[in-house]
Structures are given as structure tokens and as C-alpha cells.
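The following blocks contain the structures, represented as C-alpha cells.
Common to both upcoming complexes is chain A, partnered first by chain B, then by chain C.
Coming up: the complex of A and B.
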């Protein structure tokens, strides 16, 4: 339908207050084009670089995170977590803890912890220091029970039983093994290799935690660093024994989540219990060490891939045998051959249970693991066949949705151009391990949905003083939610970005979807657009009555509002127009509109590295990402988000990984000294390219896809540089030297 | 962290008296606090009293002149790294200071504290692992996760010496000045450290209770001396050494007349390699000489299960460090 058609009428619901009692009434307004985004060329704010509206607040320290909350009479709680993966608590001196000056409560939580880091007891005190002294006074005596914390330990014949039905999950299989093996046999060349990825941690700067403010009575306020503001208050209702509607959930700002911050969590449950009992506010944020042990993680895996192809590089057969390491959970792993199409495939995946905390969702759950293995195997096969690394990718992307394949192919070309592939000498075989700086290039692909769903309720309010706000009980996981809420509304009403205030992070605002699976933007942005369109329609409706002009004629521009159908059209300023509103201003609601969003976020990444064969040092010099995003709402925020994902992949590739001593059962690197996140000097040149060939006039979430291919691209670049094929992440100097045969 | 009393003496004699007080309980010296406070937070140290050396004026002077180098124990790493005299004549030390941790830490950490810091072995650093160094019966690194541990001089403990400054200073023939109630003594820095097999299990130095490192001195460089410190980190931004090499060489008439080579990050003490030094003297410092010296430096290395990579890595570092001094 052309947007120039005469507007039809549509019915919308608006709030109406009579004698102080609010109700909703249905009214009819012009059906302004709320179901489609304006042409890209006509956008003033959207599809531009918009510095985030809460940036100054965050960078100056004024933004209040859950960690920063202080309430009158508040106490600080700490958890005693099990230092052993499986144990019986023989003695716990709660009385001694209670006698520590400042300690107000000490409770036992678990008599037989079954995973490393499971909370055993909790203490709350007037100060953090007193709470920590209280924890030590508990002086727990633990009897070690048999445990398994690694693959070998969990799969040996006499392994202690972690789960009721043993440690190995039932194999999930897919495909015909005999056919796949026959295809492998018929291949011009095939490779067999085993790829291992460790458990990765979310490493949010703000640890998990809550502040529960209950001081008696039937109401409470709960502050929580969470990815789902809507819902956690309801979860707190049970431990607080209050009606859910009497609990105000707040999450004004949060310091990262990456998939690991859903629900109230064990720590939240404990804080509710303590607050209820004490009738005092309780502050319970995990320590960094506790965060490593009980804050969730990305599951590890061991994947053996047999892959065969034709002489020209068509993939013919694949057999993938994989194990997932998700602690007491089942872990996650996307199905091989992941993004590529292979003639005949067979895969079998089993989870291996261990006495560790269950893995949680983490930025594209299961995908970076699968991508690293498949992209590595693909390059190994390309070398065996002597096929160009770019070519083999283009040949084997055969997604049923053809547009995705086209996207990957053009993105590959663009990434190749940016990374300098044309001039690179090692296209079909790795370079020699000589000199001090071997340069290598690697590629990898990513794929994701990123579509939204129903669930967000947005309200746009226009006040008589001209101020405008957009409200929703959603959260900003770090993606700049407030900025695009304000921008969408401002774009619709012809206002500057600063003319709209976004309010989020409260359970008293409209419902929101949780932020997981890259769904937030595609779920929320359409609802904001809908609310803003409705507000515009209501404003036009109001002005038409005030000015006695047809509502259809109003245009909302930065200069003001004009009615084209007036005899002598004059521009009325926004302030003047608003001044004609009734005292309660104007309010409009919005819900999700399917046509404003879409699914599908393919991407390609490339990495250029320098490997020193004398030391095994890998320096990532340059990373490129070309990402399909549909209609970009805020290009600056998108690029930041993509860069963050690339850095997370860089860490996964070169430094991160949980290390547990299988005998002592201790995590050796539950701190930021030994758990080696990339710091400033490790960050390469990063080229983030929004794929503007993706012309969809629809919003797509891209939180996860750029986190997928980076590790595979880097691993491939290392092998391409000098033949050092490291099949276990992270790629550290010891493994590079080992792969080069330099360690005797 | 256990509560403690913070004492702020204003003279060295006062500090020494406080340390010698038999009724004082466990007393520790506080300089930059970068290691000690971490140990206290991790419950690896629980002193009753801290004697704050920062409250004593004049302990942080750097005198880099024709007669030699003298650095007060309280001089920060940032100050050392920025000192033009140190950079010009004791280059290895300047480079070593710059290689430590982060700018924030370097602005607090002192040379005295750096030389006396405790090892980073992750078993030692974890309270729950009651290892040999903490009075237990077993060095868990020996049969455990030992990627970061010693390949030379290990046993019965396999820690590696963590300081960057120490190998550089050993290569520069530095001496350390110690003061206690008994008076002052001065000894080569090399002799300050003790191998585990020689009694250095629960502590790593000869520093006696109540004794204070007051200064580090090094002779003036002879004509033709040049030095370098090369540190290899797993993560460039912020890390301890996986391996490091300090070298100082005197070249006269085109030939090496004196050589000092000291390895870091591979042995429980700064690991001087006299065989490699001897091999260089009297020769032209060329690729062949550097390679032979590297081989000699690593001779006798006994890697554990996971740290064999340190052998080729260190050889490369030695070779390259020497060649960088040849030109």
C-alpha cells in the first residue's frame, strides 16, 4: 500500500480519567502510517549516529546501579559458597557468626552442596566488613564427597554419579550415519579433528545481585540487576510472602548481563528471605569470586568433526560427535554443520554432567562453540583440498532462505576487501612458520534470528508544557534502549532527540519482554513506534478540534506543526500546540506491530593476526564485521554493540576459559587476574560495517550474531599465518608453540 | 580482612624499633601495599600491626649519577620508569619497571615491595589450597596445573619468582641494603633470594624478621655497557611474566668483555645463567653466539607436564635480547 493514500480510520484505546477513576475508552483516529517505518532518506534521527542519552550519566558515575542503592537501615549480606564441588557440611558455627559485632543474622542454606560454589550459608551485617567477618566465623567443616569436574573425570568408568541417571546424557542424533560415512569415503579429501572449547564466563562488570527493601507491612521494593524487569518482582512475591502487585521492581541501570541475568536467582531468594525476617533492606551483590562460581557461564564442549568435500570444494559428508559441558545443566551447542550445507550429515550430541553450576544463556547460546569447530574444520578441509578459503565458504552457504546466502556472499566480499585478502599470499595453504611476524587471515560466518514478539506495552505522554516521555518497564542491557525509545518518538512527532525522555526500569511501567535472544529491540521498537504514531494521531485529532481543521492535514516537523489543508498554512510551534492540551495532557499506548520488525541477522567476520613462531605470541591486528541489521535505529549504538561482541569473541579466542583443578576441585582463575579478559592493549583495529545492502524496512536485533564468528575467524587466521592449528580455545602461546612442534 | 593497627613512624629507627617490639604480635612492613593488601584480603597474611614506611620521609630518592645508582626502597615504579638517568644508563631496570602491571599499580608500587613480593602461583594464592608454601605437605603445582610454574631450580616448591625488577637488577650487579636493630648489611641482590631446596619454601628471601630493605644500589656502567629487559606476557596489558630475560653486556673492541644474563618467570629465584655468560665472553655477539648462549641458558631445564613451552619461548627471548644488544 502506498503511504500517500488518504488515511483510513482506525480505533485505538486511550486512557480516560473520570472523577479520578481511570478507564480505557476506544476512540477513532486517522490511520496514520504507523505500520511502516518512513523511508530511510527521510529519517532525521533514526539511521544516524546518536550518542546515547544516558551516556553522561553513566560515564560520570551519576547513574544508579543496583550495587549503588542505599536504603535507610540497610544491611549487607554475603554468601558462604561451597569451596568444594560436592561435600557434606559437618559443622557450621552460626552462633559464632552471630556474635561477630555488626552481624544481624546468619542462616544455613544447604547441607550437601552438589556444585562448586553452591551457597551453604548467608550472613547479613551492618557493614560489608562485618558480614565478611561473620562468614569467616562460620568456620565450616566440610566432608569431601566424590565429584567430577572435568570431561575425563565425569566419563571414566568409576566416575561418581553426578546425575540420577549417570553423567552422560542420551545422545541427540540427527541424520543417517551410514550415508554420511559413505559420503566421507567418496570425498576427494576429508579431515578428522577434535575441537575443544572451555567454559567461558559472562564477566559482567556489575555482578549479580539485588537490594530488597522490605520494612514490614505489605509492600516492598526490589532492585535487581536483571535482563527482565517485568517478572522478577513477581518472583520475589513468594519468598517475601507478599502480593506481586505490592512489590515494586526497579532496574534503572544494569552493568551487563549477556544472557546470565534472568530471574531473581539464588542470591535474590536469599536476600528476600533475610529482608522479610529482619524487616530491613538487604543489599546482596555477589563478590567477583562468587560471580565466577555461581553467576552462570557459557557451556564448554568437545566436538569431533569428520568433514569431506569434492575437489572443487563442495561439502559432501560430515559426521560430528560432540559433548556439551554444562555443569549440572545440559549445556548448549548449535547443530553441526552449523551455517553450512553438507551433502550427507550425521551428528550425535551428548551432555556430560559435572558438579559445577549449570551453564546459562550467554550471547548466542551454543553458537560460538559450534562456529569455532565448524569454521576450523572448514579451513582444514580447504587446505586439504587446496581450495580458496573465501571460495569454499561461498560455495557452501545454502540456507533455505536465499536472501541469507546472498547476504553472506556480499558480506564475505566486503570483509575480504576490508581485511586485505586480495593481496594476501596464503589463500589455499598456510604460510611458513618463519621470522618473527607471520601474517594470517581468517574468516567465519554468523547467523541469528533477532526478530521480536508481542509483549511490550509502551505509553507516550505529551504534557501541556510541551514535554514528551516514552515509557515502558523494560531494561537497558547496554544496547541504548532509552536512546532509541526517545529517537523513535521524536522522529514521529517532529521533535529533537532531547525533546523526549525515555523512562524504563520499573515494574510499574508497562510490560516488557525480557532481554534475551536479541529480541528486545525488535519487540520494543515497534511498540514505541505504535505509541508515538498514536500520540501523533491524538495530537492531530485534538488540534483539528481546536483549530477546526481536518486532522489528516497536520504535519509534524522540526519547525513545528502545520496543516496543509488550512487556507493559509502557518507553522505552530510544538510548545504552542501543547499549550492547548487539557491539563492532563495527552497519553497514547502502543503495542507490538509485526510489520515493523523482521527476523534474520547474517554476518561475516574476518581477522588478521600476526603470529610469532619463536614465542607463540598471537597479536590480533584487525577484525572486521559486516552485519545485516535491517533498518538501523542508532548506527553508533549498533557499532558499539558489534564491537563489544567482537571483543567478547576475541577474549574467547585468546584468553578466557574457566580453569578447575580436578583433584582439589577449586577454580584456579575465579578473578580478573588469572581469568584473562582482553584489556586495552589487546584490542585490535576494529572495522564494524552495517550491511546497508540489507534494505529491509524493519528492525532486527543483533545482540548475539556478532559474538558468534570471531573466535573461529581468529583461530583460522592463526593457522593461516604459520600452520599453527590450535584446536582448543583459548589460543595461548603454549598451544601455538605446541602446534608448531616446538615443545619437546 | 583481619583488623590491624596501622603505625606511622617518621624515622627509620622508629620503624625498626616498632618491628623489634616483642609484644607487637605479627608485624608487617607496608610500602605501596600492592601485594600485601591483596594477601591480607585473601587471608594469606593476617598481621596484627602494619608499620607504614611511607610515613618516613626521604626513603624514595633516586640518585642516578657518575658514581652509580642508588634508589630508596620507597621509590615507586612509576618514578623509576620515568627517571632519565636510569633510562640512559640502567636501561634494563627502566624497561623492567615499565613492564609491571598497569599505570595505576606502578604509581603506588615501590621497588622495595616489588623485590619482596610473594609469588603468584595460583595454588599459593588460594587460601583453600593448603600447599607446601603455606605449611602443607604438597606442592600442588608439581602434579597439577603447572603451566605458569618453574622449569629451572624447582623442587620441592615450583613457584616462579614474580618480580620484573629483580632479574634486571641482578643483571646490573645490584646490591640491596638492609637495616635492622642489629645494624645495616649490604648484599648482592642475587644472594637475597633463596631457592626452595635451600630453605626458601615458606619465604623466598633472606630478609630477617624486623629487617627492612632501605635501598638498592648498582655500580656505574662501564664504557660500552648496554642492557635490556625483555618480558613475555600472556596478556600484554597487564600480566606477570611467562618468561623474561635481563641481559647486560659490555662490548669492547667488537667483542664481549663481560656478560650478565638473568631469567625471570621460569625459576623460583631470579635465575642467573653463568654458563651462558661465560660462553659469550671473548666472542663477537652474532646470531651463532646468541643461539649458543640461549641453549646454554636453558640447559638443565626440567619442565613439568604443562610448561614445556617455556623452554623454546625462553630460548627465543634470550637470543633476541642478546642480538638487540649487539648493534
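Coming up: the complex of A and C.
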């Protein structure tokens, strides 16, 4: 397109995600009609259940993850991580490590580790066993330095200084405190309570790590388990001392991310350094213990909430005083009153620094924490006022975008119906703590953007042999990226799903946005659609010349290609049409089209639990989620993703949480025998509902929103069952008994 | 019925029991039989390789790098391991070409991602010593089917979306394969018990149960 006929521009707001943390920015895009998704009724593939196209590779163990990469002459590297939160390395026997048979290199990394798990040395060897021998031979002698690893330790007057400016961050405040306090005073009832959430670990089954394949020369290949395949070459360029464009980044499959895998990471930097020095491929995947200590996490928080309302349940005043526990980072916490509207709110949030690794993004950074506190406080107030738990939620959702409130209200009704609310006896006060099985129900709401932005470059290729591929250097965290790329392209070209191959996971393919903040699908799918429609137009154009028929008349259908402007339309098979292409086939590019995606993914979750007030045992019996998703691309994968987020919230609510001994400075649960993920025996009945009342013909990402409300819903259900209001996650039997006053 | 405890290293045969006693005594440095001095000094690629026959009934002394033969997915495979090399590390790092379908996640027997079949019984490969398994029949996920000819269970994993990131999938597939072999009519409770030791972080368990029950129905009907 020449300069003079450049289209008009318009400004739109899109999410910007840095390391998984979402914010909003305004960008300029072409103001042209960007195409539209076909009517839902006419879709053959999209909005259906599509088994993922890489499923056979995964279920047969053939899918290759970074952990599985093997290269000729490859050595295995291990990190020695600091066992103390702050120390000085007095002695490190690098020579002894180098003398261990099989060890090829041993390097020191840090003389004064300032956080628990900070790497202090690295060893690489011909075998995993020899690398571990090498680590033992380092026999480090550490001098303990003062540390702070918990809230009390970091905030006491004589606390060791973790940050340059002290351990308490500047308060971020919002609202008028005097007004909020006046509103609290004028309320019919108010509550004050403190809610605590622990640090949660991503616990990706594939740990962080890389394989760096540098064997001399000016090129390298770096395999990385990352949420941003096209984003890490520049980081690797420095330690490898190569041009970024000479580094091929690869990430065919990855074993989970959940927000914690951006960038090359410390481990990646070290592996690059080792490979550069050795001129041999280096395999460096964190061990499980190292992953717990240095792989990032969801920040913890302590939130004190004062909340007051009118007799009919309108929220009038709120004062929220919160602290974030993000290790050496600032942590994240969505602003209270979270998604609800309160007459007058004042909030003050401060970070508390500790000698722990910095928290990272994890599925809806800051939102599950805020949701747990707000939803708990809301129920406490509802009981104080004697207002129905469903009603108080409907009254207080007052988003400026009215459609979201409508969505929450209908989703609440649907969730209530699925969870059996109508027949439930405890709607305005908790049930009695009697018997051995008290049944309770809890509700909670979530909200997220889920819109996309520019940044994905997609190519669709049609070959003369009839094969079709859709290419982008993006990644699949387990969300089914390949499947919807293939489905969108196949839908557009009238092909079966198997007729299109999606190729991703390479920095040599087109650029992609990083997968954080639920932006991938809404950024990528429009670009795939654009590339596929362009391919279709080029194909029609080509056929019109070959067949001497108007290009506009071509229809691409499962039965074949027809030109309905031909005198006697005949069906041409796809293979036959492609055979007329020139030898290089056909290539079409696609970019982001904002009209194909939208922002806004409200959801409601409900939980039903059974509590034994004698033992404090909680069993989650049933979880329900009703989730707005815009136009569903693949219903099967969407349900898996939504349900998976609910199960992660189940873990947050009932079992997970980093435990650190403040005196010893050790993490007491840095592996899966003590860090308790939900397993097969704890999985409740799950009802996952795609909100089909959301009729938007636009794609919305939903990686984050269903991870938000689950913990609040479960905590509320436990309190509803028998009055056991547990204000600190995870809800373990001891805390239930304490809440019931049975133990102190 | 399958219990999750079937799958840890507490087998009830004599070899397992003797190894358990030994592991306790050795405080975490594991070897099949007796630890040799060369092993304590660290395994060496330069060390002489000793070909050794089938696992002996009584105590045997193994040290350094030894060449063993394992029967993996029906084929004899020769590989060089140290006495302390686990089956997991042997499969993933000692075999040429490596078999990487068996995943290393916790490396200490509490996630199930490395589940393999040893004589058709599910076992955590990270808790088995490779040299102990001479003469035993080892089946990994790769031995159950390949993308072009998936097993019935693998097909149902695909159909029901019993996998998201897929990293835990091989372990679940192997564990449930063993359960269905024992009883294709296994109930959902049986299936849950059979994979109670398998961790899945994506939260795919409900679809895995569905896939297992669907596969069981097909296997019971001989389809």
C-alpha cells in the first residue's frame, strides 16, 4: 500500500504485559473494517470440542520438552544454591569439584547470597551423577548473616535491612480515609478482620531450565522452557557474546508456565556462560528443590479489612490496610474492594521485603489474594447484616461496563442452580457445628481483561501438494495453541482440522507476544484469522486467473472449491486446486485485527464442602465455574483450562503454601511430599460451564480469571457449613478447629 | 484393586526388601548390592567398563561404570551405568538414543511422572536402580503406543483431553494402563486410587478419569 492511501488511524486500549503483569496502554491501529468471525451456527470446527492436535505426541511420550533435549557431547549442569537466606561464602572448593571424575567445569557465582536459594556456584559434568558429586565436593562453608524471611522478622524494629531503604515499601494509597471511616460509622453493621495468604508455588512439572547448544563459531541454539519463545535471544546474546539474530530459540513443548517462566532466568544465564566456555551443549534444568527456592512464586499478603454496609446489604464504607510479601520483589495485590463497589473506600498497600526470591506473575497476579480477602469479608458482613449471600453480591457489582454486571448476575444464578443453593438451608447465617458432616456453600466472583494486542506475525503457507501450515513463533503452555491455529485456518479454507499443521516454538518463525496475562489467544487468533483469510483471497485470485472466473465467486467448503459465478458450477478438490499453484506454493501473512477480539472475562464460582467439626477435616465436594469467554475457539481445551485453574485454586485453599522456618532460614516444604498439590483423591465433582449467553463474536483469553475466585468460594463454604471462618490459607484442620474455638 | 502404595518401592519381593534395608543404611547414596570405593569417589567415564550378567540372587559387588543389558519395550538394550544410576536417569541420560517419555519431576518418588512398568507392575523409575532390573521386563510410555498407533487408553486421553501441558501425561498413562490390565472394569474410585500418586499441575484429573473409564469400557468389550 502506498503512502497516500494509508488508512485512517484510531486509538484503542490494549493490555500490556511485562513479565506477566498486566497494565493497559493506548495504541494506534488502522481504522479499517477488520473482518469478522463467521456466525456461530455456521462454524464447523471453532466453538466445538476439538481434541488437541498434539495430543497423540503427548500421550505417547514423544512430545519433546526442553528437559528432553539431547545433543552430541552434551554435559549436565547443576547449581549449588544458598541454603541460607543471607550468608557469606567463606570457602568453596572449586578445585576439589574440578577433580571429581566426569566434572568438566566448576564456577563460583555469588559470594554473598542475599536470598534463600540464590545460586552460589555451578558445576557441569559428563553425567547427572558426576555433576551432583561435583556439587558435594564444593563443600561450601557459609557464614550466616542476619536475615528476615517472615512478616514479623522483617518489620520488627531491629530487623536486618533487606532493601537499601528499609524493609517496608512506601504506602500506595487510594481514597479518602476520613470519608471511608465516616461511612463505616454510618453503616448498619461493619466487620473488621485480617486475612492472610501464603506464598504459593507455580509448581510447573517441568522445572525452569535451558539447553544451550554452542559448539564454537558465531551461532547457537538455545532451548528454553519459556512463555516467550521469541523474547529471550537478546538476553542470551550477552553471556554467549553472539548477535541475538544468530541465536535460535526453541520451545517445542513446555511443561507448564502459569506466569513464572519469562526470560532466560539466572539458570539460563549460567548455562550460556558454561556452554560458551566449554564449547559444548549444556543441559541445565533446575532440580525440584531449586525450583521451589528460586523459580518464583505467587506473592503472599496480609490484608486487614474494615467493611460496613446498610441493612439491605449495600456496601457503604471500607478501609483496607494490606502488606505484600514478594520476597525481594514488590509482590502484587489487586486494589480493594476488588470487583465490588463500595460507597467510600480507602486503601493503603505496602510491600515487605524479605531475603527470599522475588515473586513472579502467577495466573492473575494479585487477584486471587484480593479476591479471597474481599469475598470472605463480604460474607462476614452479610452474616452480620442477615443478608442472603447471593443477594449481597448482586447488589454490589457496579462495574462501569454494565454488561459485566449483567454477566455476573446471570452467572451467579447459574452457579447457584448448579451447586444446589435453592435447597440449601444456610443462606443468611452459617450452619451449626454439630454432627460429623456440615455442608456449606460459598460463592466468589472473578474478572479479567483477556484482550490481546499487536505483536503476533503469522504466516499461512499452502503447498502444491495440498498441505497447509500456519506458523508463528509462539508457544503452547498446555492451552492448545497449535489446535486453535490449525482450526482457524482450516475453518477459513474449508479444510478438515487434520488438513492444517500448526508450527510454533521457534524464534525463526514470526514474532509472538509473550504468554502472560491471558493475552495470547486474543493476540494470536486474530492474526491467524487474518493470515488465513489473506491466503484464501490469494488462492481465489490465483484460481480466477487459472480458470478465468471472477475471484469473488469462489467458495471454500469441505466438499471442495466451487465458483458460484460459473455458468455450470463444478466442485474442485483442494488437492486439484493446489496442484495448479506454482512450485513455491502460496504464502500469506497476517497481523492482529482488533475487531476479532475483545476485553472482559467475568466469571462466578461456587463451592460445596463438607466439614467435620470434630476433626476439622474439610472435603471439597463440588466446584462450579461459569465463565464468559467471548467466542469459544475450542470448547474442549477451554473447559480443561478453566477447570485446571479451579483445581489450582483448590490447592491454594486447602493445601499449598510455602513454609519457612524463620530461625533456621530453611524452607520446610521444598518438594512435593510436603508441598501438597491436589491429587486424584481430593478432586471434587467439577462443573465447568462456558457462559454461552456471552454472545460477543470476539476472542477473549481466559487463562487468568478462573484462577481467581476458587479459594474465596471454598473459604466461604467452610464458614457457611459450620461457622468456621478461617482467615488464613490454606484451610487445614488445625485452623478449622481453632476457628471453632476447639483448640487455641 | 490397585492401591497407590503398589507403586512405591515397597515391593514385597526379597530383592526389594534387601534394597530397602540397604538404602536406609547408606543414608541416601544408593547402589544395588555393595558400594565400591570407586563409586564413592564419584562415577568416572574414564573408568574401565565391566560387563556384568543378570542380577545375582545374593549380594554382589559392583563399582564404577558397568555395562548391563536391560529389556526395554521388548528389546534388549545395552547401556553403561553406575551401580547408583536410577532407572529414570538410565532411560533419560544413559540410553542411546535416550527414552525421554518417562519424565523426571521430583526425583524422589512423590509425583508419579516417571512411572514405568516393571514386569507389568507400575513402579517409580526414580526409586529403582537400573542394575537391579537386569532380567526384568521394563515398559515405558513409548512401549505402549506411538502417535501413529496409540493404545486404547492413549486414544482416550486424546479424545477426552486428558492432557494440557502433557508433562505428567506419560506417568498417568502408564499407571492407568497397569490398573486397566488388572481390571478393565475398574470403577472411577479404582482409577483415582491407581493414580493417587501422580501429580498434575494443570488440573486435568477429571478428564483423565473420563479417559480411563472410556478406555476400560472399550477394553472390557474387546474393542
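Following the convention adopted for this analysis, the second predicted complex is superposed on the first by the 709 of 744 C-alpha atoms of A that agree within 3 Å, B and C clash if a C-alpha of one lies under 4 Å from a C-alpha of the other, contacts with A are read in each partner's own complex, and residues count from 1 in each chain.
Rule of thumb we're sticking to: contacts are C-beta pairs under 8 Å (C-beta built on N, C-alpha and C of every residue); 3 or more make two chains touch, one makes a residue touch a chain.
None of these values were measured; they are calculated from a predicted model.
A.B. asks: Looking at the overlay, what does A:479 touch: chain B (first), chain C (second), both, or neither?
C.D. replies: The answer is second: A:479 touches chain C but not chain B.
A.B. asks: See if chain A has more residues touched by chain B or by chain C, and give me that chain.
C.D. replies: Partner touching more chain A residues in the overlay: C.
A.B. asks: In the overlay, answer first, second, both or neither for which of chain B and chain C A:343 touches.
C.D. replies: It touches nothing on chain B or chain C.
A.B. asks: Answer with first, second, both or neither: which of chain B and chain C does A:680 touch in the superposed model?
C.D. replies: Both: A:680 reaches chain B and chain C.
A.B. asks: Now for A:281: first (chain B), second (chain C), both, or neither, which partner does it touch?
C.D. replies: Once the two structures are laid over each other on A, A:281 reaches no partner at all.
A.B. asks: Which holds for A:313: it touches chain B only (first), chain C only (second), both, or neither?
C.D. replies: neither
A.B. asks: A:119 contacts which: chain B (first), chain C (second), both, neither?
C.D. replies: Neither: A:119 stays clear of chain B and chain C.
A.B. asks: After superposition on the shared chain, which partner residues are touched by A:644: those of chain B (first), chain C (second), both, or neither?
C.D. replies: second
A.B. asks: Should A:254 be classified as contacting the first partner (chain B), the second (chain C), both, or neither?
C.D. replies: In the superposed model, A:254 contacts chain C only, not chain B.
A.B. asks: When the two structures are overlaid on chain A, which partner does A:514 contact: first (chain B), second (chain C), both, or neither?
C.D. replies: neither
A.B. asks: Residue by residue on chain A, keep only those touching chain B in one complex and chain C in the other, then list them.
C.D. replies: Residues 129, 678-681 of chain A touch both chain B and chain C.
A.B. asks: Within the complex, which stretch of chain A touches chain C?
C.D. replies: So the residues of chain A touching chain C come out as 51-52, 54-65, 67-68, 70, 76, 100-103, 126-130, 133-134, 137, 202-207, 253-258, 287-288, 477-480, 636-637, 639-641, 643-648, 671-673, 677-681, 683, 686.
A.B. asks: Can you name the residues of chain A that touch chain B in the complex?
C.D. replies: Touch list, chain A to chain B: 83, 129, 132, 136, 614-617, 655, 659, 661, 663-664, 666, 668-669, 674, 676, 678-682, 732-734, 737-738, 742-744.
A.B. asks: Which of the residues in chain C end up touching chain A in this complex?
C.D. replies: Going by the criterion above, the answer is residues 41-47, 82, 84-85, 89, 92-94, 97-108, 110-111, 113, 140-142, 144-148, 150, 154, 157-159, 161-170, 173, 191-193, 195-209.
A.B. asks: Which stretch or stretches of chain B touch chain A in the complex?
C.D. replies: Interface residues on the chain B side: 1, 43, 122-123, 126, 128-129, 140, 144-145, 147, 232, 234-239, 242, 306-309, 311-313, 316-317, 319-320.
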